[in-house]
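Two complexes, one shared chain (chain A), two partners (chain B, chain C).
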Partner chain A sequence: MEEKVPRSNIIETEIPLGTVHPAALEPYRVRLFVEDEIVQEAEITIGVNHRGIERIMEGLPVEKANSLTEKICGICSNSHIWNSCRTAEMGLGIEIPERALYIRVIMGELERLHSHFLYLAHGCETVAHETFSMRVFYLREIVMELLAMIGGNRVQYGCSVLGGVRPRCDLDEAKLQRLKEDMDKLEAGLTDFAQRFMADSILISRVTGVGALPAKQAIRLAVTGPSLRATGVARDLRTTMFEYDDFDFNVITQPDGDVKSNLLMRALESFESIKIIRQAIANIPEGKVVNRDWEMFDTDINESYIEVPRGTLYHSYALESGRVRHCIIRTPSMANIGAMQYACIGDHVTDAQLCIVQCDPCFTCTDRAIEIIRR
Partner chain B sequence: MFETTVINSIIALIITVVVCFLISTLLPGIERKYVHARIQQRIGPPVTSPGIMAPIKFLFKENIEPSSPVPGLYKALPVICFFVVLSILIAITPYAFAIPALSSLVAIVGLLKVEEICYVLMGSLSKSIMSVRMPFPDRVKGAAHLNTTRSFIEDISAKRSLRMITYGSFPLYLALFAPVTAARSIFLNDIVSYQQAHGPFLFTVAGGIAAIVFFIGYMIILNEYPFSIIKAKCDVIEGPYMEYASKYRSIVFITRGFLMFTLGVLFSVLFIGIPPTVFSPTILLNIVVVLIFVLMMGIFSAFTPVFTNRQLLPTILASTLLGILAIVLGLL
Partner chain C sequence: MGIKSFSRARAIHIMLVYTGGCNGCDIEIVNTVLSPRFDAEQYKVFLTWNPREADVLVVTGPVTHLNRKPLEAIYEAIPDPKLVVAAGSCALMGGVYKNIHGDIPSEEIEGPVENIIPVAAKVPGCAVRPQDVLAGVVSLLPTLLDAD
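Up next, the complex of A and B:
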């Protein structure tokens, strides 16, 4: 695919949107530079929802800091607490029980399912196809109920703790049975949705070729996660994570990097998540879910990368007297902002929000502290 | 004798318009509750909510003064739209047939054009906080393109409305003139008389094609998905209606339901030959036609995304060609 270039070097008209806009469910500002309603360039600015979580985490006991990371995102809350615990566990060399690893994987994949379903619903809503949007939300509801069953809440589950998972998140036979049954329901519902989606020629014509991002450009912009895989690059951090060693799954890619590829990629990746959860249900080992037998000591900066629903999530901090020091968190949307800006170029103003949505933004979580280096 | 007839006609006209207006307030609720919500497998709002309760609620809300260069005109536009729709309804009742200047297709097309022009004015007079007026430091050091002309999102809406006037509503007007080719008259009285003598125009080949074109035009003029580019939520949000609050928004809501009813009745006059009057049971047929239109529009809009130019232009072109075909067939 050829790179997109603006039709003109002279930008005459600017249409700013946001930071409050109904189609953008997040607070961000986008300046669209247009020529006859065709976007020539886009500039996204965030920063209106900075909460300073890293700063608050500084000096907190590591257990409390871990709990706080869950508040970063309402969609990837489990991913944040998982990665935060993982960061400390890697630094302290804590051995995690096998059963806890399986439960973490189940939670991670359930979260991926609900995030991908939210993406599909949001994508359909942005093109104003409310019926498809509603249908995906019904599917998502099954996942939300499963998350509530395991974690006790629909958004903040508090599943991971240092050394494993909370005992209340352990899965007994009844819970495993329900998980298994609901995976069948989800698979049937998702198959039906995917078939209807592909058969809807109007919707397909509306999303095909819109917001195209070539693979070369995606790599250059350091795009991560499903948005990268939708351009044809098979890069998934789960293939390198030790938690996924026991699981057999495919890294899904799509060729075009446009909205259609992104939507299909998420739908197909959801099938892989269902597959992983089924394997976890079938092979979950017996035993304890948390290892309390570890000692706290001071560590240098520990880093952990995991694959979360929207891409690569990075957490790092050092430990000093059991407290967090020099905490840095980088969410996937930070890396994908460049792709969002690029995707808008050459498309109609009406499609601009769709081009941004196709990169699955989560700007509220991305509003992190930045260090300005003056040279 | 003549005076009595005129007074009786005026009373009958008022009763007809009031009854039609009351029925029209239920139409947005029927569309949302029994079509959209049913298709989307949800409960939906109470049927009286979108067309009756919401306008009443807005009547008692505090008004927010619009940020418009001509606020008086901006606030008057919904009222103008309402009276335009009212005039169209009056024009298609049998009581207005005695006034040829009003009950002709030229007058109806002219009134519909006024309605469309109101959207252009609304869009160009609205300067909401959603874009340029949002207090955000766009033009700072390091920002891209510091010397551009900044455009409100309602400006895009106004441009699109203008485009829709130019070619978007063309199919509707072609469909309106299709019955003229059969009746050989632009006066509604003649069109109705022709159909009473020869049967409904709808059941001819030309009439069937024109009815399809009329339906597409009906959705376009009502700014319903997939043709709602002038108020697409994904960019221009409410577009021309963005800054209407309280009683002005209430009028916007009421006018929409009223326009849905009026266009449905217009179809039954032009294509079936039944003008609306509450003193004849044929008004039930008018209502059935209106409901069919609302149900069909609800189904289409529930299953289609908003169109951009890529889909809109071919659709309008195809509808226009169909409209021309209907007229040619009508002339043969």
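Up next, the complex of A and C:
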């Protein structure tokens, strides 16, 4: 048997961060167990944001519940309303017009762009490189204005409705033209950013090897989305979604799973999104954007999975006389918490925040499936 | 204008506290102050994460149970004179999370922010527009500068 090291010989410190902390945008709590400034164990506790949105959704009419899912998250709001509508559409067998599917894909990819740009800006700010952060924020503003043009609001656009998209979100010639021009602007800006990023040897040496997550461990932790693809595993749910059948795009992977891989991964994936939007603009079919010709009936539990900027999003609910019953939502950050904890281990304590940020956390989405015990 | 107000007018510090909304307002406000498009720093308004440095506290989100105490602690830590801006419909009235049941408010939410700390300016919107946030903060400046 191994001889036990006396407890007093180990100099272990616990560093709690949170719940409101300068480096973290969202309230959550991290406990870092530190030995000689190296993190030995990390523990993330969520639950501060609990608003009980699934509870609120129970018993609401399905249209109202759909628009409520948008308020789960301010970053991937369109993904939530898209998947929620998709859940009901799959259950009720509603046929969606081709044009509506294309507009949904355009909105989804625009949202992926703005989410990835936010990630790049936040990541560059966490490594204290403000110039890059500002550059990406400026690029992001182009996307935000496009979203405001299509949906009428900068954050909550409410694009999808049951049977298609809102008529307000239909794209006429002028809007398509502007979309096309802005994609060129965006690609030029992003190329410039990626080249500068790769050429900046100081920044690259700062982020290489920090927070490495091996592919085996990532699969064991059931990590999803870009965080998984940055470890070298090519899994993207968009390849199986029928909405993306007409589009030609690559699944980007990066080898290492460290902060550098994650940052590059998002930048390269943004190019693919631009490619998809360009294909959608070129081939968008004519016709109506919403199919109102469907009937409501009671269904058993319907499920739907889609790929959102952060990974796989799961919605499920049953319908009973037009109302939502037994609602479950599972967001990608829930699966990625394990990756955040693992990435911190073995790194310097000052890099802990960077290791958490590299997995693109969104605890606002995640805080639902818990029960708060009040004392 | 005293020398205190003179110097304070050149460094207004905003602190952002996030109390459980949907992240939308939060990012828009950070975007307002930091990003080069809106760039509040050109009006000498800076973002800080240190309550002891802050002049204006911007609160977003309906206040959830677990966020009530941190919010009160942060408000206590800010030195006088201090003013609070409630930004977004959640901070103003609890938003969809509180009022969706009609007359019966949700039991998860402690908000609106007014119930917990005094609010000086209210910025409506879901999510707030950056221009409105700027206007809200700027409307507080005379009160802040005449405070002593």
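Basically, the second predicted complex is superposed on the first by the 358 of 375 C-alpha atoms of A that agree within 3 Å, B and C clash if a C-alpha of one lies under 4 Å from a C-alpha of the other, contacts with A are read in each partner's own complex, and residues count from 1 in each chain.
In this text, a contact is a pair of C-beta atoms (placed from the backbone, for glycine too) under 8 Å apart; a residue touches a chain by one contact, two chains touch by 3 or more.
Not measured: the values here are computed from a predicted model.
Legend: residue contacts after superposition of the two complexes on their common chain; A:154 is shown touching chain C, with no touch to chain B.
By the touch criterion stated above, A:353 is placed in contact with chain B alone, chain C being left untouched. Of the two partner chains, neither chain B nor chain C is touched by A:366.
Once the two complexes are overlaid on the shared chain, A:126 sits against chain B while remaining clear of chain C. When the two structures are aligned on the shared chain, A:231 is found in touch with neither chain B nor chain C. Touch criterion met: A:68 reaches chain C, while chain B stays clear of it. In the superposed model, A:56 makes contact with chain C only, not with chain B. With both structures placed on the common chain, the touch criterion links A:83 to neither chain B nor chain C. Shared-chain residue A:138: touches chain B and chain C both. Looking at chain A, you'll find residues 19-23, 134, 138 touch chain B in one structure and chain C in the other. Remark: chain A residues 19-23, 25-27, 47-53, 55-56, 60, 68, 71-75, 77, 118, 133-134, 137-138, 140-141, 153-156, 362, 364, 367, 372, 374 touch chain C in the complex. The touching residues of chain C, counted against chain A in their complex, run 17-28, 30-31, 34-37, 49-50, 62, 64-67, 70, 74, 95-97, 100-101, 106-109, 126-127, 129. On the chain A side of its complex with chain B, the touching residues are 11-23, 29, 31, 33-34, 37, 41, 43, 45, 124, 126-131, 134-135, 138, 200, 202-203, 205-206, 348-354.
Taken together, the chain B residues at the contact with chain A in this complex read 36, 39-42, 129-132, 134, 136, 138, 143-145, 148-151, 153, 156, 159, 225-226, 228-229, 232-235, 237, 302-311.
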